[in-house]
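Shared chain: chain A. Partners: chain B in the first complex, chain C in the second.
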Partner chain A sequence: MSKSNTKKPLKIKQPPDIYPTKTKAQVTIIFFAIVAMYLYSMNWTQRDMVGDITDAPANMVSVLGKFFPPNYSYWSNIWDEMALTIQMAVIATTIAAIITVPLALLSARNITTFKPLYYATRTFLNLLRTIPDLVLAVIFVGLFGIGLLPGILALIVFSLGILAKLISETIETVDMSPLEAMRASGGGTIQVIWTGLVPQVLPQFTSLVLYVFEINVRASVVLGYVGAGGIGQVLQSQLRYGHIAFPNAMAIIVLIFIVVLVIEYISSKLREALI
Partner chain B sequence: MNLTLPPKPKNSLFKKLRAIVITISIIALYIWTFLGIDLDWEKAINKLIQQFDKVIPMLFSPDWSATGEVALTMLETIFIAFAGSLMAAILAVPLSFLAANNMMGKYLSMPGKWLLSAIRAFPDLILAILFVVAVGPNAFAGVLAIAIGSTGMLGKLFSEIIEQIDKDVVQGMQANGANRTQVLFYAVLPQIIPEFLSYAIYRFEVDIRASSILGIVGAGGIGTMIVFASANDNWSQMGTILVGIIVVVTVIDFTSAFIRKRIV
Partner chain C sequence: MIEFKDVSLVYPNGTQGLKNVNVTINDGEFVVIVGLSGAGKSTLIRSINRLVTPTNGSLLVDDEDILKYRSKNLRKLRTKTGMIFQNYNLVKRSNVLKNVLAGRLGHTGTLRSIFNMYSKKDKSLAYESLKRVNIEEKVYNRADELSGGQQQRVSIARVLTQQPKYILADEPVASLDPPTSHQVMTYLKKINKEDNITTIVNLHFIDMAMEYADRIIGMRAGEVVFDGPASEVTEKTFEEIYGRSIREDDLRGGTES
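Showing the complex of A and B:
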């Protein structure tokens, strides 16, 4: 039928690629965009650096050398401040855990069936979580002056956002059938929540509170840097003295490091036991 | 009719003892806390009365003339977070393989795990302080602080992903005679890349928040403006800064959640 009798050259067909060409092109473009943005960012952030980037490692070694050896005898002066830092975290976590209960209930879809209220609480919590802890501390220091109180308040507000979100998500995953059964047999809202919901979420609730306590300890060690009390305040004053006080500063940093590690270890063991 | 409740489950002596120990230590913790903390309420409340009108109304009437400056420093904040989290995402990959049980064996993975948790124990701000001392007060110190700080967390999450991969694929390839490199590229990597990307993007979200405060110790970004605004009692400018942070963080959260949903 066809006029052409020309033999077609034997072609070995490549197996079709798993990924379509379009995806490949997209991935390539995204990859180059990311690299370009990275190079631009690096260029921007280094624009007002004194000296060359190649000097930085040598520089870093010589400056960090001044921090060593840490002056461990300085620890005897800072036990009280370190204790205050942990106490700040304990109080803030406790108060946040109490306030978070109504907020978490209001922002759980399966408990708060009244949609506008649910969305309002959700939005409020999302807004709360966008503000970094130190910014809250700066504002509270502006309001209450330098001291522990602004630090505690900043930690409360900061951890409230995280805790309420995590707990409301836990509440949303509970088994609703016991709650419905109780409601059907005439239980009031409080009764349903207390006997149907609380036993289901209590282990997770405790675990999440411990997790937020870990975050709070970590946050409270730096809050002092803006005048919100605790060990951060001592660290800042030591760094301000310059080179002479660097071993003291390093002693503080080492102490913070140890305390954070110990608290994380205890808290993670407790959480493992709970769930 | 005789109604009785089902018998309560019997607790072992060990469990009872454990509960008692935990209760006592919690009570001790609270006693220690309330004895230790001494708040100067009078001073704080006096200061509050004096400052309230200066701070709260001004926060809610942002100074829009500062918008340009806020936008520029917020851009720098984004650059710091981007460069830092990308560096961290790259650094975390080899570390995560070193810390994964199924790649290194239970005991060989220990040093990697320790290294990662040691990095995580340093708060970002402390790292920033060290890097500011080392490379001077500029945005690059912020990039380094974010990069190192995020490596700890990303490395841990990555190694958990590696530990959860489907072993059947690996064993199937090994049975067919694939060498270690082939197994890595065709069995391990395809399983972990989407989740790695998803976590890296999530970490970028976290780093935006972290890098917005680094300026407090001089490591660039919007934090520098926060320090000046609070030192000058310029709370309407602080309002503008807050609006900037809230808008940028919200937009990036939404975009990142959208991208992550598509990847995984």
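Showing the complex of A and C:
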């Protein structure tokens, strides 16, 4: 035994806390900062609120009343538009899933060991994610005019940001040892990735793509609202007609509600089965 | 034949992995490399298939200096040197057959391997290899359903499927219990004799080295400090290689099951 190992028993005055003092101080400061932000913004919104809140319930009932009963016979006119919206989400998700693969590989630290390339891809994806989907749609509608194409493009860019990030994080958690074995047996880069990496991330990949598909169905409704085609655009035009068209609009909302629920149900069942 | 000629390797962080190594390994030999943890055994073995690249000297495999190799030649080199790892390095989610077929990667075009279009010959070779290590009944099991010893046998089958000229085994039994360790070493030895595949095994168990090796190379601090036939080796030799007296945990113990 060396001398350094003969240490005196530690004198403990009181048992140590689970968190160090520094962490506790930080958490406290953050907590109070958030509370202060809430208080400030509450105060701010109240000042800007026009009219009297006591009228709101009565108003709501009278406006909502104009939406009911929903005009379900209107559904026969909008099947095609609903289908377009779903197709838009399907096409956009599929294309995004394909483009994601190289981007996710390039932004995974364990695969792209060439640092500049890794940082460049990361930064690009971070930038992409800062653009809200609505802004993307407005930009693409401006570029390509009203229709499905700008909607699809907006969704592709929007999904790429999320997908590539989530998938590259999945890639970074894989077991690298089989990849080493593939390389040692003479495999080329693509072979190593295909046989050593893909089986490890495929379930997660599929699950994330389905998840982004769910998001895209909802997003494509909203995008239609700014002219990117599909059911959202019909909804917007109905609402513009005024009160007479409100029952039609309500029928659209109910249909969207049902479709989104069904798609989410199917997709979540699929994802459960995968993981 | 593998010839280390004054080979040194300094890692980017300045650690000296190998120091003026001069070693010749002849065809068909079964060589065991011993040394304490950190002695440079893995660095030596991984230089041979260029998973690491020595920074000085020349390293000849079949009379060609492999330190000059770039991508295409590297793949050829790796195709003829099979490797076995301490942690088996199987794709856990894939089945045994797929794992074993990965041994054919170096012989297979990229597109063919992507679409799993391995030839009939490759597939029967894979199955024969599994039979040689007596694990053919697990052919459709997922790799993570197997025990450690079974996984190591699958990884031996993968190397057999590769039909290499050399086998490099880096601590193949370090994660196994004594009976399984002996079983794995017995398979390696048998393959070495039957197929005349030059085999280099890193071990840190003295008793196993003496039992299985034709020749023992001792390493300390990146240098080769002993090189001779296993028959000449005594406990004293190991004390010199290790630079300390032999302890209980330097022995694997147990006998072949």
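Quick notes on this structure:
Following the convention adopted for this analysis, the second predicted complex is superposed on the first by the 226 of 275 C-alpha atoms of A that agree within 3 Å, B and C clash if a C-alpha of one lies under 4 Å from a C-alpha of the other, contacts with A are read in each partner's own complex, and residues count from 1 in each chain.
Everything below uses one rule, namely that contacts are C-beta pairs under 8 Å (C-beta built on N, C-alpha and C of every residue); 3 or more make two chains touch, one makes a residue touch a chain.
Worth saying up front: this structure is predicted, and the values here are computed from it rather than measured.
After superposition on chain A, the partners chain B and chain C collide with one another. In the superposition on chain A, contact of A:Arg109 is made with neither chain B nor chain C. In the superposed pair of complexes, A:Ala181 makes contact with chain C only, with no contact to chain B.
Once chain A of one complex is fitted onto chain A of the other, the partner contacts of A:Val138 are limited to chain B, with no touch recorded for chain C. Once chain A of one complex is fitted onto chain A of the other, the partner contacts of A:Thr195 are limited to chain C, with no touch recorded for chain B.
Comparing chain C and chain B on the residues of chain A they touch gives the larger count to B. The contact surfaces that chain B and chain C form on chain A in the two complexes do not overlap at any residue. Residue ranges of chain A in contact with chain B, taken from their complex: 34, 37-38, 40-42, 44-46, 48-51, 53, 56, 59-60, 63-64, 67, 83-84, 87-88, 90-91, 94, 126-127, 130-135, 138-139, 141-145, 147-149, 218-219, 221-222, 225-226, 235, 239, 253, 256-257, 260-261, 264. Residue ranges of chain A in contact with chain C, taken from their complex: 175, 177-178, 180-188, 190-192, 194-196, 199-200.
Across the interface of their complex, chain A is touched by residues 29-30, 32-33, 36-37, 39-41, 43-44, 47-48, 51-52, 55-56, 59, 76, 79-80, 82-83, 86, 117-118, 121-123, 125-126, 129-131, 133-136, 138-140, 142-143, 209-210, 212-213, 216-217, 220, 223, 226-227, 230, 233, 235, 238, 241-242, 245-246, 249-250, 253 of chain B. The touching residues of chain C, when paired with chain A in their complex, are 49, 51, 75-79, 81-83, 85, 87-94, 98, 102-103, 105-108, 110, 113-114, 155, 158-159, 162.
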